[in-house]
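What follows is a single structure, and I will ask about it in a moment.
Chain nomenclature is as follows: A, B, C, D, E and F, assigned in order of appearance, with residue numbering initiated at 1 for each chain independently.
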Amino acid sequence: MKISVINPNTTETMTKQIGITAQRSASPDTELLIRQSTHGPSAIEGPYDGAMCLPGLLQSLQNAENEGAMAHIIACFDDTGLDAARSLSRKPVIGVGEAALHFTSLLAQEFCIVTTLARSVPTLKMNVLRYGFERRCPQILASNIPVLELHAPETNARAKIADIIRMAINNGAEAAILGCAGMADFAPSLREELGIPVIDGVDAAVRMAEMLASSQLSPSKIRGWAYPQRA
Amino acid sequence: MKISVINPNTTETMTKQIGITAQRSASPDTELLIRQSTHGPSAIEGPYDGAMCLPGLLQSLQNAENEGAMAHIIACFDDTGLDAARSLSRKPVIGVGEAALHFTSLLAQEFCIVTTLARSVPTLKMNVLRYGFERRCPQILASNIPVLELHAPETNARAKIADIIRMAINNGAEAAILGCAGMADFAPSLREELGIPVIDGVDAAVRMAEMLASSQLSPSKIRGWAYPQRA
Amino acid sequence: MKISVINPNTTETMTKQIGITAQRSASPDTELLIRQSTHGPSAIEGPYDGAMCLPGLLQSLQNAENEGAMAHIIACFDDTGLDAARSLSRKPVIGVGEAALHFTSLLAQEFCIVTTLARSVPTLKMNVLRYGFERRCPQILASNIPVLELHAPETNARAKIADIIRMAINNGAEAAILGCAGMADFAPSLREELGIPVIDGVDAAVRMAEMLASSQLSPSKIRGWAYPQRA
Amino acid sequence: MKISVINPNTTETMTKQIGITAQRSASPDTELLIRQSTHGPSAIEGPYDGAMCLPGLLQSLQNAENEGAMAHIIACFDDTGLDAARSLSRKPVIGVGEAALHFTSLLAQEFCIVTTLARSVPTLKMNVLRYGFERRCPQILASNIPVLELHAPETNARAKIADIIRMAINNGAEAAILGCAGMADFAPSLREELGIPVIDGVDAAVRMAEMLASSQLSPSKIRGWAYPQRA
Amino acid sequence: MKISVINPNTTETMTKQIGITAQRSASPDTELLIRQSTHGPSAIEGPYDGAMCLPGLLQSLQNAENEGAMAHIIACFDDTGLDAARSLSRKPVIGVGEAALHFTSLLAQEFCIVTTLARSVPTLKMNVLRYGFERRCPQILASNIPVLELHAPETNARAKIADIIRMAINNGAEAAILGCAGMADFAPSLREELGIPVIDGVDAAVRMAEMLASSQLSPSKIRGWAYPQRA
Amino acid sequence: MKISVINPNTTETMTKQIGITAQRSASPDTELLIRQSTHGPSAIEGPYDGAMCLPGLLQSLQNAENEGAMAHIIACFDDTGLDAARSLSRKPVIGVGEAALHFTSLLAQEFCIVTTLARSVPTLKMNVLRYGFERRCPQILASNIPVLELHAPETNARAKIADIIRMAINNGAEAAILGCAGMADFAPSLREELGIPVIDGVDAAVRMAEMLASSQLSPSKIRGWAYPQRA
């Protein structure tokens, strides 16, 4: 079963990194189509990048669908272009942020998201509201560590993220979502250290996409996600 | 991988029927433990039955956990006892109603539930609110056909349910959830007739439980679902 | 007029203590039937205990109804089994937590709950949402003092609770609810010290139950609280 | 125990009628102070009247407090001036609409209000939101019968109101609130005919005011309802 | 084009000060009718004052309408009497608080209000909810500086307000509303110091009232704001 | 003062029509820059078109900003690209749908939107939620008349829209928003026929943009709308 994982930016090292993470979560009988936007910005930081990447993202998704993908993953925690992709595709599409929220809500009553920069928080807050998790996920916290510095020793990112989650636990969180693919490596040790579920969105999305694809159920094509008239 | 499917009532024919439905959705490498409450009411119709079934349901779940179940399904659309079960178990637990809501929210922006009797609606409405789907699933509709009459030719249940869903589509639904395991057989033909996703909760729950179990992530045991002190 | 006060656990000293508190609030012409669950756990700490106590609680309530109770109080701040009890009974049933919330909302615009352990917070948060008080009662705070240690001198519980309420006042609370029957004794001195209404749930519930019983209005028996078919 | 019932308009026949209704609900040891605004409009129909009545209403409430009232009822379903009155008084104050909402929420999970004119609906909707009952009381329905015609035989008001409540039951209501003191006489026969709780606000308010007064708890005087600096 | 600016209190120095602020924001072709309540309290601090000012406020508004005002501004951040005024007038009416909220929501995704005293917060919170800004404006913060001391050097009000806004920025605010006309002078320097939009309600209200008046659209006079029957 | 009006599609006749409507609402001293996306789809019907138009829309907005536009209008009722545009620009940006919602909320307590096709409803519903108008604007109704047929005599569009609004009035609406620029011509006669405010989004947006531009207040550039790092 083919499932596409589409990095909406055009930076190949990130695409590869996402691919490695995704592969770890995939079932043996899943063939991942690791792709990136055909053209567009080299990173998605804020709504302007999120808009500019869309034509390349949608083109890449269409290509993957033509190759036989049975489900698609938008591998950006902002879930950029989710409705457009769902309108374009006849297969299930899931965003990494959305997947993490649904997945975590089955493992904890209340949880938090730790993201990189404060500028990402409003978009995530809006997504959380839109999906219906505003009471389940009331804390969306910025670590203020840019994605590219997450693994620089001097930022001490893992420890800083652990401290943020500890604070969130004090305020009611029972689990934590890592709101950036670059943080995925920290998940296992954070789980151990903090004693709570720590969820990586790419992992959740691969599992959810496999589940959706194997169900052979098609998304609704009436109203909001009807096929475009000019695709 | 063992997954338990626990019918909270004690009617063996229903347990068997649920087992047949569940088996259809399970992966080849899943071993379903089809169980029912060790004791308690013969059907769950309303909150009194929902309360009285709990000790038998929790005993049955504990037994299944001892047998090696890696995840548990509470096979009642009311999701009765979900928090108690999550507190008791070290493995993921999912309710059939909850599973259907999460699953459908990935296939449609807005959807409805069709249930049997009007007396079930308030409990489902509260669950929908609690999980966060009150804007995604604003229509919870009773067919007024009791579960035991769903397959009696004279109730014409399938056609009546199709009419209710059609009305829901006019009011904004893009997909429908069948809020009773006894309706599962109608799903394929309703999908074809209505051209929208029609979701059966047992199917959704089996797929979600497999996904959760294979992830090897444990539910949070701090705060709300901490282990009982006297189990 | 007979009103039952049902302690859902089976610890007689607690039942007696609740009875003393309740008696203080009752009108002279009220006869309180102080009862406990006929069988079940010795304390209600979390949703597993909350589930296991239900058959004994409902049996006890049925017995009290047979003795002529005109209203029932579920004397646990979690309001466990409220819907099941309302389905079973033809008389008004009120939970101690619910009573405190309604009562306090007539005495202050915004208020807090102080409970014992953090594990109780999620259940209370869900109840607050369900009843509609999520904006009126946004702060649900754990003292982290177990119920049995509330009166041990070394925990300094009264002073600790006063500090928590002071903090809540700074964050907008105008009144406080004591979310545990064991804290009832602290209410008068906390009122004096803090200068705000401090509400004990048993007191509120006794007054509300008397009010409901004297009105001779019966609860709705259609839909959500219809009589069980197998009681 | 003295409790004031203040009709915010200045029409004596209405004040008397409210007094008769209130007296029916009062305990033998309650002395009702039946009052009306010292000056102001002769009826409260819409927010302009609701504003113009306030000085006379507050003067009358102050007078009643000076006479020894231990609680006050604002006998208008709009609950006009509730916050101002609560700021002025050191005793509990309750509005007739607010009382009905709290009372009914203990007797049914979901309920409706039937009011007189469509122009009243927005104010009631705002009150319902403010108190937190927007999910419990989603249906606020106008009968389009003016208050003065409620008892004219040709309007057939009782039957019309029964029809409206029947429709509300079909849409999920389990109980009904009569949103106008002039409808109080219809309550007993509507209860019998429809088989659900039908609540009159004056009745609910008298019982709630007695309950609050007998508790000897004072309302919060910090923040929102602090004493005026210039009363 | 004439626009009335009505100070609901009767303190002439405040009326003049509001007039100076309003004049700064008005277009050259706008003639401002700077008015105050014809009678009533000398300041609006809390709901009692807010109620007592209404007859004088509404009289003053009626007078301004007779003089040819094409729109009206209620120059109190509490928006006291807004519905009554809208019912009375055939022209658009806008409150200073409401204007600030709408205006700011076009300049920032999330923002805060800084007000004077804690006693004002509950009324503002209710207004914010009522207009629909509860998610956009979650922080309503009291400086605890009374209006008359805002310009006393020893209160150091401007610096204190800057500190409060800085804290709000850390908690997610992207802009700030000054919730008191007396703070208007601080706006320009706060903007510069903090680098975010800082909105004064009188400024926003004058611009919005000009916009509404020039559109020549009349407010709805059906249902909630229908003309009073006894004005 | 220059204000840009950007049609996000690339159909020149629509751009001209929008320009004519906008010009009617503009002040004499406003110079409208009527623009369309530099490239992209010929119409915006659903989220795929809404995504594909963004690079051309943002390029066009940047061009207008370089020409000296002091504010920008996105002339599509879906408000597509609003956050991206606000991130890119240093000037206020307003969407036609958003403008209509704010404007109408000052003229009526509750109102409806009439749009063209059912497929547009989910996007509008999400925008309404996001801005905070979900309680003010609960009815979003499709006329099922495609934009290009709005003026074909045989669709009888004006009469059909009048009927839809009448139904909405019965359900609580006090004003109506025309959710498609092509309906703007119907506004004056609908106002007269129905006796309520009928709002055209382009008209509202031009007036709001003038107001924002003349205030010389800049949008917040911290967090959500911070400048892109790669524009």
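Here is the rule we use: a residue touches a chain if its C-beta (ideal position, glycine included) is under 8 Å from a C-beta of that chain, and two chains touch if they have at least 3 such contacts.
Remember, it's a predicted structure, so these values are computed and weren't measured experimentally.
Trainee: Touching subunit E and subunit F alike: which chains?
Mentor: A, D
Trainee: Are the two sides of the subunit C and subunit D contact the same residues or different ones, given that same means over half of the numbers occur on both copies?
Mentor: Interface between subunit C and subunit D is built from largely the same residues.
Trainee: Centroid from C-alpha atoms only, then distance subunit D to subunit E, rounded to Å. What do you get?
Mentor: 31
Trainee: Determine the centre-to-centre distance between subunit A and subunit C, using the mean Cα coordinates as centres, and give it in whole Å.
Mentor: The separation of the two C-alpha centroids amounts to 42 Å.
Trainee: Suppose each chain is reduced to the average of its Cα coordinates; what separation in Å results between subunit C and subunit F?
Mentor: 51
Trainee: In subunit D, what residues contact two or more other chains?
Mentor: Residues 109-110, 121-122, 129, 134-135, 172, 174, 222-225 of subunit D each touch two or more of the other chains.
Trainee: Under the stated touch criterion, can you name all the chain pairs that qualify?
Mentor: Every pair of chains meeting the touch criterion: A-B, A-C, A-E, A-F, B-C, B-D, B-F, C-D, C-E, D-E, D-F, E-F.
Trainee: Going by the contact rule at the top, pick out the subunit F residues touching subunit D in the complex.
Mentor: Touching subunit D from subunit F are residues 109-110, 135, 172, 174.
Trainee: With touch defined as at the start, can you tell me which subunit A residues reach subunit F in the complex?
Mentor: Those residues of subunit A that touch subunit F are 41-43, 45-52, 54-55, 58, 81, 83-84, 86-88, 118-119, 121-123, 126, 129-130, 222-226, 228-231.
Trainee: Across the complex, what residues on subunit F touch subunit E?
Mentor: 25, 27, 92, 94, 98, 102-103, 105-110, 131-136, 169, 172, 174-175, 195-197, 199, 203-204, 207-208, 210-212, 214-215, 217-225
Trainee: In their complex, what parts of subunit C are in touch with subunit A?
Mentor: Its residues touching subunit A are 121-122, 125, 129, 134.
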